[in-house]
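Labels A, B and C are assigned to the chains in the order they are written; within every chain, residues are numbered from 1.
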Amino acid sequence: MGLSSMTDRPREIVRVDGLVKNFRPGLGLRSKRVLHGVSFAVREGEIFGFVGPNGAGKTTTLKVLMGLIRPTSGRASILGCDVGEAGFRQHIGFLPENPYFYPFLTGREILRFYARLCGVESSLLAGRVNDLLALVRLEHASDERLSTYSKGMLQRIGIAQALIHDPEVAFLDEPMSGLDPIGRKDIRDIILRLKAAGKTVFMNTHILSDVEMICDRVAIIVKGRIRYEGPIREFLREDELRSDIVLARLSGETSRELGERFSTTIQTVGERVEVQVKDGQLQSFLEAALGAGADILSVTPNRVSLEHIFLEAVEEGEKADAGAGRGGGGTP
Amino acid sequence: MTGSLHRIWPIATNTVREAVRHRLLYTLLFFAVTMIGFAVLIASLSYVEGERIIQDIGLASIRLFSVGIAIFVGIGLIHGEVDRRTIYTILAKPVTRAEFLLGKFFGLLLTVWLQLLLMGLAFVLVSLSVGAPLDWGYAAALFLVGIELMVIVAVATLFSSFSTPMLSAFFTLGIYALGHLSRNLYFLGQEAEVDSVRRAATLLYRVLPDLETFNVSIQAVHGLPIPASEVAWAVLYGLAYTTALLSLAIYIFHRRDLE
Amino acid sequence: MPVIEEGASRRRGARFRQGLLGLGVGLLGLFVADAVHLRNPPLAGESLGDVFVPDPAVAGLVSLGFGAVVSDFYWLQAIQAAGGDVRITPELGAHLGQLIDVVTTLNPWVDHPYRFAGIWLTQSEQNVRTANRLLRRGIEKHPDDWRNHYYLGFNHFFYLLENAEAAEVLEGASRLAGAPRYLPRLAARLKSESADLEVASVFLQELLRGAQGEAARESYRSALDEIEIEQRARQLDGARVRFRELEGRDIETVDELTRGATPLLGALPSPEPSSLPASLRRGSEWIVDPSDNRIVSTYYGKRYQLHVPASDRERAEGWAREKELREAAGR
């Protein structure tokens, strides 16, 4: 495949061009257009977030990429191969949404099964399986049947099987869904390790904090249309971001003063004082508060604004749809 | 090719593994063995040819229940993969859909052959216990049941490649029935006055499997000769027909959306 | 939404399997119930018409390769219908004929059912003809077995009075392995048109030897008994003729034959079959039947007519009338 031959310009690992997908819900029913010309590209070595609300078409796009469904029109290629072919699959790993595996196998058996499908040599097989079990922290349950696994454990096995053959690109559909905070952190760490190892990661999600934390670039999809594609920082527009700060031992006078200086409202709830400041001013506000002798109880990035952006994009999408509907341009 | 085998084999063995954990398999196996034993009771109602009746019922039970297993367990096993989406992770590996389908097919075939062996054993034991004759004719009959099962599993695989489990089971049963009728329908059709009816009958006979080719249980039970050449032709026919069905199944499965 | 879909389809799968399980249990139950039912069958007279007997060709078409067991099923029906203490009416005989027709169409390689037809289908000419058709089918499938030939020959001779056909069939049989040595002689006797009680007796004794099932044996035994009594009655007839020659008058009672100066007979032969156990003897005697002035044993009350056992005489007269009517209609 010549994957190691790096060029100066980041290579495009995934390329999607004008993808359209119609579903026919049943015999005689009108077909429904789920993807309206989706285009984007994923570059080598990045963590790419494919973000959108429920039903936006994320999973559908990923299914096209995995060759599970055929696009009605448009093209998609991975590592330069059309997704209809099988050649590139040696180099990709896939974690489906809510993965489900043969319940009658143990964790170790299912990983051996997938490793054999990928042609992992039998001499390396046991070691590879153990490595992956360690990576997803399932050594303790490796010889139990999958039917006894919890949702989080299945998600971990899903990650392990996706990575069993050390692929160059990992496609993860909602990798953090259904996980507890520790689980989410584990998965985040695994994804960051993949990036560190030079791998490319494509992940579907609607959880924005995850996107913000690890993604390099995102594409936002709403109702089957891409609304934005680019670096996450650009999308988040620095000045819109705020953080919530909770303080104690702050006199009423000082708090009024701080409020004026940072042009923000300060709420006092009993002993506690809550305030929201722009991320750009966070440093100086905290210094000022500490200088005034206040205790800092917590600082939490407030991502309501991110959700807000998200919702705006959704509303735009709806308006666009409605416009199309009025124009009589509905899909047949 | 050997690469393909390396991928087909794990899928096939996994399918066997899943099947042998299937409760329905044991239920049907239990009924079959019960029927074979029960034949002794039924045959006692006749004052003559009791052993023959026992063997008639025994072989019929084997054929009926093994087809039942092929259809009802088999179809479930293929649909389960799509339904529960285990197929997603498999097809994301360097496994082609053809390899996947062939893996399922061989897994199912191994499963039904395994249970055929078990039922055959029960048949031999019952035959020995009532002193009924046993010779190579019975082995040939059971062997051809195995070939018929191969065709049926291929039919089930074909329908499963695009249809719902209920419809697949229904269609496969239909093909099974028609397959046993096809020869008679052909002969009936040839007697028709109208030319187009005759031609339609011929076409139908060509398209449908002639499953009576694989049915030599009467010959076995009555000690009639079963020429080796006839068995060889039946095997060849079965192989050719299975290949055709699987090719069609792969073609359809390749084009299908796995939603 | 996919989760719901998956749950629903799994539920559907479970329902499907449960339904299947139910079906299986139901079928097994049916089999058990049937077996129990058949062990204690209703009287054949009642059950007549209970079983639907399909057209043999249709049955062959729809048995889907399971012809052998369907055949066995109807065979068991036939055994149940003929078994027990039932008098086989011509209707029941015809029903048996239909059953054996299905049995032997679905599985022509069966063995005994052909002779079963030979044994039981004797109540009307049509039934005998059906039996013969079935026997010929048996001969076709088992050409080396002399027994089907033998039954067929017997039917031609005994019921249909077709001695030439009977002789031809027996000649064919006489060349087969295991055939009784006397078959050629029997065939010759049939051809010489002197077919008589002895021929019938030889036939019947062979049939009795080969008969399976008590009911069949019983029917041959009773025919042989009738022939035995008939043979004695004919002996008495001979004595009566001599009596008339000697005395110039007819006897008034049968024992006159043992009386007088020079008795024609030392003692009268027993008017009851020799196979009859003492417990069943009822002191029958020889009398001169006033209606037709013939010597008869009160055991049967009527003289035996070759080809027509007393029990079936009325029926035989019925067929004769039917045949005449048919012929009249044909002309």
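Note that a residue touches a chain if its C-beta (ideal position, glycine included) is under 8 Å from a C-beta of that chain, and two chains touch if they have at least 3 such contacts.
Small disclaimer: the values here were computed from a predicted structure and weren't measured.
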item	value
Where subunit A and subunit C overlap in contact partners, by chain label	B
Most centrally placed chain, judged by C-alpha centres	B
Chain whose mean Cα position lies farthest from subunit A	C
Euclidean distance of C-alpha centroids - subunit A vs subunit C, Å	88
Separation of mean Cα positions, subunit C and subunit B [Å, integer]	44
Rounded Å distance between subunit A and subunit B, as computed from the means of their C-alpha atoms	47
Shared interface positions of subunit A, touching two or more other chains	98, 100
Touching two or more other chains - residues of subunit C	6
Junction residues of subunit B, two or more chains touched	84-85
Residue numbers on subunit B that touch subunit C, as the complex places them	23-24, 27-28, 31, 34-35, 38, 41-42, 45-49, 52-53, 56-57, 59-60, 63-64, 72, 76, 79-80, 83-85, 165-166, 176-177, 180-181, 184, 188, 211-212, 215, 217-218, 221-222, 224
Of subunit C, residues touching subunit B in the complex	6, 9-10, 12-13, 16-17, 20-21, 24, 27-28, 31-32, 35, 38-39, 60-62, 64-69, 71-72, 75-76, 79-80, 107, 109-112, 212-213
Complex contacts: residues of subunit B adjacent to subunit A	3, 6-7, 10-11, 14, 17-18, 21, 84-86, 88-96, 255, 257-259
Residue numbers on subunit A that touch subunit B, as the complex places them	23, 63, 66-70, 86-87, 89-90, 92-96, 98-102, 104-105, 113-114, 116-119, 158, 161-162, 165, 171
